[in-house]
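Letters A, B, C and D name the chains as they come in the text, with residue numbers starting at 1 for each one.
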Amino acid sequence: MTNASDRLRTGILGASGYTGAELIRLLARHPRVALSALTGDRMAGKRLGEVFPHLGHLDLPMLTKIEDVKWDALDVVYCALPHGTTQEVVAALPAHLKIIDLSADFRLSDVAVYAKWYGHAHQAPAAQKEAVYGLTELKRAEIARARLVANPGCYPTSAQLPLVPLLEAKQISADDIIIDAKSGVSGAGRGAKEANLFAEVTEGIHAYGVANHRHMPEIEQGLTEAAGRPVVVNFTPHLVPMSRGILSSIYVRLAGGASADDLRATLAKRYAGEAFVRVLPAGAVPHTRHVRGSNHCLMAVAADRIPGRAIVLSVIDNLVKGAAGQAIQNMNLVCGFAETTSLEQEPLFP
Amino acid sequence: MTNASDRLRTGILGASGYTGAELIRLLARHPRVALSALTGDRMAGKRLGEVFPHLGHLDLPMLTKIEDVKWDALDVVYCALPHGTTQEVVAALPAHLKIIDLSADFRLSDVAVYAKWYGHAHQAPAAQKEAVYGLTELKRAEIARARLVANPGCYPTSAQLPLVPLLEAKQISADDIIIDAKSGVSGAGRGAKEANLFAEVTEGIHAYGVANHRHMPEIEQGLTEAAGRPVVVNFTPHLVPMSRGILSSIYVRLAGGASADDLRATLAKRYAGEAFVRVLPAGAVPHTRHVRGSNHCLMAVAADRIPGRAIVLSVIDNLVKGAAGQAIQNMNLVCGFAETTSLEQEPLFP
Amino acid sequence: MTNASDRLRTGILGASGYTGAELIRLLARHPRVALSALTGDRMAGKRLGEVFPHLGHLDLPMLTKIEDVKWDALDVVYCALPHGTTQEVVAALPAHLKIIDLSADFRLSDVAVYAKWYGHAHQAPAAQKEAVYGLTELKRAEIARARLVANPGCYPTSAQLPLVPLLEAKQISADDIIIDAKSGVSGAGRGAKEANLFAEVTEGIHAYGVANHRHMPEIEQGLTEAAGRPVVVNFTPHLVPMSRGILSSIYVRLAGGASADDLRATLAKRYAGEAFVRVLPAGAVPHTRHVRGSNHCLMAVAADRIPGRAIVLSVIDNLVKGAAGQAIQNMNLVCGFAETTSLEQEPLFP
Amino acid sequence: MTNASDRLRTGILGASGYTGAELIRLLARHPRVALSALTGDRMAGKRLGEVFPHLGHLDLPMLTKIEDVKWDALDVVYCALPHGTTQEVVAALPAHLKIIDLSADFRLSDVAVYAKWYGHAHQAPAAQKEAVYGLTELKRAEIARARLVANPGCYPTSAQLPLVPLLEAKQISADDIIIDAKSGVSGAGRGAKEANLFAEVTEGIHAYGVANHRHMPEIEQGLTEAAGRPVVVNFTPHLVPMSRGILSSIYVRLAGGASADDLRATLAKRYAGEAFVRVLPAGAVPHTRHVRGSNHCLMAVAADRIPGRAIVLSVIDNLVKGAAGQAIQNMNLVCGFAETTSLEQEPLFP
């Protein structure tokens, strides 16, 4: 047991959404974190157990409006607010706060790209300059020095973890990357939308956001950096009748004489020693259900029947490694804690 | 109402599997069909309602062993037997019978390719020569003259319906076709296998048969014929937590100066007037749940963000257009009935 | 094929909800119905295929606002409008129209009971007097003479079909009826509500509306009439992660010396010859998936281990026998068509 | 971090089933447990990660046959073997071992009742005498002194936790207890059976084992002890399309002038201070998804509309509080560890 004085006073802005609930689930047992403030504007004045009964046994502060938070009484803030609303909030936060932002607002380093994809000028360009992109395994050193971490999107996490090392190794072509991604429904949040009703989602599958999903520029930004030249990808997300999980099936053209086995070896070497990333042996395929509820990423590589091509498969839990788990991993780095703290749960199967 | 004498005496071999049940569901109201014999070896002696309670209200013959069928009392036979067991059965059937085979046994015209993928020599090479591949919209004339129809696989149907016209039009490259397919679980049949248990399938997705699924040579056979030269494809199937439905997300490279709009126009023209194939307007995406329980195939085309590439989406119900429905469509052709007879049901949604 | 002049000009008010879509699915092939008007206020001006892509192949009128309907051009109207809004609409309809109302507005014959459960006075008490409760198998004669049919609720249909004959036969006690009902999510409609999101419903079950669901007075009204004295029941609905289906597990105390076998015999006799109701033999249990997509009701009776008690199980598809199917069955009666017309589809399984 | 010497050398017999996997998931971080032996007869020689890939990152012993276990090298054994096979195994275990048996073999204290329900004589009547029934919250003292704990069944846990205190308080009648239970599919185990295939279970619900499920005598044994006289119950289990979770909806007759509020107060008092049992306030209903993956039990009480009756609702995760979690809770008691050790995970939602 840790003394209260050893714990960072931590706030979660947007605690009434799925990402907020997942942060609380994972942080509830963190030995160095005290959950001191929870906001949820529409739910202000309610106990968290009314909004998320599965957490009703925890002793937590009431939900408040964001303007009622006492920032001086906090050390760390997680922002789990809707995309587009976070910029002004973050710009107004006092300088002593460490910030882990789970929205898309600070992920694109070029505010012109942001403006193009989101249809309005970025509202906090100064903060944007300070933000570090929080793909933990690939940006560990920068994250450890950051005050503001832009936590990656779920799809971009699942795509970049395998692709960045392969592009850096020049073992795949940068011009022919096809990412067919499949996601559970929780990625769409808890907002009441017809498209996400049970009867609209169960017993079927479909593509959406074809050739224009907002995670595309985030993926391209990371791959462009890895390749050292502009990368344009095919990214086609699909909605699967499941709550959690992302599978990215990635089709790549081999380069530099590499084989599928070479790709697997590159990834295995890059992620050797990582607590959360595991490269499967030849012949094994990852299932999203193998990582459910955990911060794990599993990946695999197979040769294609088309000569000179390979298939890369990558799975994460979109709410954990794709959101709350990676956010905590980043906070652990920012605050100097062991990176795996509070993220040790095994996956839940079945 | 039709007189008994106007009805073809019809047998279903393998009526105790999902495909057999689906044939019965659809044929039960066919005005020119009398279901005269049903076999199900392990279930011989049972009423169909014991095996499939949802059909328990129908007045049907008992399930028998295949050796107890009186072939002289039949005009038409559907074979819904397991792959590999059908060849010898079909070879032994009397010549007066029309045969619609739903197994994979007669789909590959080259018995050497069969031997390679199935690991044993074909047992009925003479019958194989006679077999007509039953992709109805693309082989209508040959099917109408056939005695033995090899009904296509579910994946191959969903992939070839959009790809064959595009290859014939030389609007896509034959060297770079990536078929990321997603299927419901009923495609795996009713056999008791751990991998298909509810708790193994729900709330997750995974690829399987990566680069070695047996539907691959069937797809390549059709595309090779369309392209006029050997075609090798990437075909990567995935198992989705749903009972029915196949979505093929197909990534193609444009050829001959064609655009995505050109591809859509080609498909729209080719399938204009078809009762069961519908090409969606630009911007629309097909869901598998839009065709559930029906013989429909919906397809769509979108431009890729990678210059010179396009995305083709195609959905069917694997048990209907991917199996029993197309089989009946073919029987209607073989027997001279209106092609849509008994296939008029609307999709069931939600 | 039927001539246009043989077809009743039919309108569906509220065609943009699940019940409306289901009416269209089933009526699309009705030989005596022409779908002449479809309303959907928020969707006015759209084609039905934009709202329900699974019906996009049908040649149907555009969705309009209800005030734009030309009542003189219609013979029959289905009202699939939200509860509470239907009374004023129906009161204003011209007298030549036959009306099948699928809302709850005209189901309670006593407007005082309506006011108590719905919290406001009934807005069309005169029309209420005219309304006939449309539980087809039990009210056939009255329905055939009706102009306005109040189509029963889904839960009340599943509960009353088995219970009314047993109460009339005085084989069960009227004082101790416990109805534990389980429903799919489509019963809650297509409105965007957090509680019906996929991620809120999948992989779990819960009771709701405990001891105060609005279908309770409807059930009690029917049972009171059958028993000849006031009946109060336990009715506890549960939400199941499935789109369609209702299972009512009903726990009864035997009366008059009857056994479970006697109950089964009473039901079998009562429903002998019915096209849509089937009483299963001892030992069999009905699954909701055995009736999916069909107008069937399956029921079973088992002895309880508690002496003097029995268990009655009843399943329907909530959107068919529990809504659109029974509505069409009633329209067929009202209009003098064969009762099963357009309702012949077999259940869809798996 | 704990030294190896502080850890109990622990074996899991039957580690290749769902219950075995769940034990490993929960024990993997137990500070006083070393997983020293895992058996799985059909899987002997495999690594656990081949059988359960979600646990592939753990450093665990290979799966062996049960006859290859070195009992001297173990301190504690969990038996997660199939029902009926455990008796002889347990009878042969050396006396120094603490045993937590998760099968049904030692749950019925009267071997005559066992013989009646299981159709054969009990094979280890001496061990049966020693066994303590492990319903932790109700048998804590006896469990703490036990060498052999018979871990309760999932349904019996969910039913007895609320019913035993109410019967002891004489606030409900012992003659009229109706338990309508709903379970996820994992309760049926990982064996390949047609009835548990995805396509057989999804999108539907049905009762099974009506009036003859083997958990009935276990429930009646506990309630008989609580009531002080023989109790016969209605117990009707239903299969729900979900992997995990049990909801028992229990219909009771009030006794001794008690009200529903009194029942709730009795339960709240009885379980005050319990880490895993929570009685919800009036008006709240428990969802199985609120306890998923956790050792929690939530319960609620509501007044019935039938005078003199009440409704009791209780939820658990069948694999945790209904199996592996309670087993660990019992082991903690038996071994003198804090009862909640290794069971602190929050529920996983969505």
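In this text, a residue touches a chain if its C-beta (ideal position, glycine included) is under 8 Å from a C-beta of that chain, and two chains touch if they have at least 3 such contacts.
Everything numeric in this text was worked out from a predicted model, so none of it was measured.
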item: Chain pair with the higher count of C-beta pairs in contact (A-C, A-B); value: A-B
item: Farthest chain relative to chain A (centres taken as mean CA coordinates); value: C
item: Separation of mean Cα positions, chain C and chain B [Å, integer]; value: 36
item: Intercentroid distance (Cα basis), chain B paired with chain A, Å; value: 40
item: Separation of chain A from chain C, taking each centre as the mean of its C-alpha atoms, in whole Å; value: 45
item: Residue numbers of chain B (touch at least two other chains); value: 18, 184, 186, 199-200, 202-203, 241-244, 286-287, 289-290, 292, 350
item: Residues of chain B defined as touching chain C within the complex; value: 18, 21, 24-25, 28-29, 52-58, 186, 202-203, 243-244, 278, 284, 286-287, 289-294, 296, 298, 344-350
item: Chain A residues within the chain C interface of the complex; value: 18, 184-186, 190-194, 196-203, 241-243
item: Residues of chain C that touch chain D when the two form their complex; value: 175-176, 178, 180, 182, 184, 199-200, 202-208, 210-211, 216, 232-236, 238, 240-245, 247, 249, 251, 285-290, 292, 302-307, 309, 311, 313, 315, 350
